[in-house]
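Input: one structure, supplied below.
Going by the order they are written in, the chains are A, B, C and D; count residues from 1 in each one.
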């Protein structure tokens, strides 16, 4: 792994901490608590990103997005996945038809009209 | 290409689309709608990650985390930030004291006891 | 009409609309889309409450909390539940030991120490 | 206040606890921590509602919706609002044009087409 692959390295650290002592490691503790505890953190950290952005505080936006990405990586690990899977998906979308595929994909998924959305 | 490069390239594409035609580009449309529309997507996509994970569907987990990261990158761009800023923050935390800093930082932030947390 | 009555009447309206024509009724359309569509709205509306509150806009806070409660009532209906079940739970907590039970209950649920929480 | 007005009574209890001792009262503690702590709980509890619903556990759905409503009532109080304001808004919508106003209102707000929504 190249030195500039931050997420891959972070995933390795998460994998290593996963089986550690829950009393000493935050990551081990979160895995010990189980899936719902991990997912709850995603809802929580997403809310913190929103609040930091509403405050227009770039430093806090960075810190909260880091928290959110970190906890999504824990969720990925809990499902046997790695950041590379997400990056490959992002590349795939961009490669095939550009980012606009996001819109197209979701529009198809939600077709039939959704007045309130 | 490293993960860092993938995110950097994606940020470039977002920057490029940003000023485009809202009728043709999803990214341009989201920027045109403004900050709240972007942030709302973060709450929405975080919820979709949680639902995919509850369903134990790895393929959907990857797709929804990709959506969530993509929209956090749009929020970063809206604040003049880039994924590199988040990666640097993640590296910094790891560098100083390992991931355990997450726990310490949050514990300090929340000190004074929070029974319900 | 008491607040309890308002919620009960709203639940009746939801139940009535549930089986209606998805092309004409937002409620029917949401039920037709299924559980995930309903739950996604809860994540979305919760985010809108947070944003309205950050903006300090009381009128929008009221409107967004109304949206959030309305969609939680749809989720309740999807599980064969009614607002009265939630009100009974709120009364029960208050009756036994006051609102402080919230704190105690959660503290117990999360016992064992959670540095980052 | 009539005995069957659960939310109004709960709002009174919240108002009473608000100025209490943060060491003894969860409500006092949450107010002492400020707006962001309250709003974060809304994101957190919304996520818990979603997870309970995904598990199809009616008892937990009731408990988590109770948590969510309780914390939205704290957010209302923080803005000088009461549940009656939300109930009046829900009645108003129902009274004027039925629940379908939700859809119409949001559709207008989002007009111009939103492929990805």
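The definition used in the following text is that contacts are C-beta pairs under 8 Å (C-beta built on N, C-alpha and C of every residue); 3 or more make two chains touch, one makes a residue touch a chain.
Since this is a predicted model, take the numbers as computed values, not measurements.
Colleague: Name whichever of B-C and C-D has more C-beta pairs touching across its two chains.
Modeller: When the contacts at C-D and B-C are counted, C-D has more.
Colleague: Comparing residue numbers, which of A-C, A-B or A-D shares more than half of the contact pairs of B-D?
Modeller: A-C
Colleague: Nearest whole angstrom, what separates the Cα centre of chain C from the Cα centre of chain D?
Modeller: Averaging C-alpha atoms per chain gives centres 7 Å apart.
Colleague: Measuring centre to centre with CA averages, how many angstrom lie between chain B and chain C?
Modeller: 26
Colleague: Where does chain B touch two or more other chains at once, residue-wise?
Modeller: Touching at least two other chains: 26, 29, 39, 42-43, 46-47, 50-51, 54, 102-103, 114-116.
Colleague: Using the touch definition up top, name the residues of chain B that touch chain A in the complex.
Modeller: 1-7, 9-10, 13-14, 17, 24-27, 29, 35, 38-39, 42-43, 46-47, 49-50, 53-54, 56, 58, 61-63, 65-70, 72, 75-76, 78-81, 85-87, 89-91, 93-94, 98-100, 102-103
Colleague: Would you pull the chain D residues touching chain A in the complex into a rising list?
Modeller: Residue positions touching the partner: 36, 39-40, 42-44, 46-48, 50-51, 102-104, 106-107, 110, 114-117.
Colleague: Which chain C residues qualify as touching chain A in the complex?
Modeller: Those in contact with chain A are residues 22-23, 26, 29-30, 33, 43, 46-47, 50-51, 54-55, 112-116.
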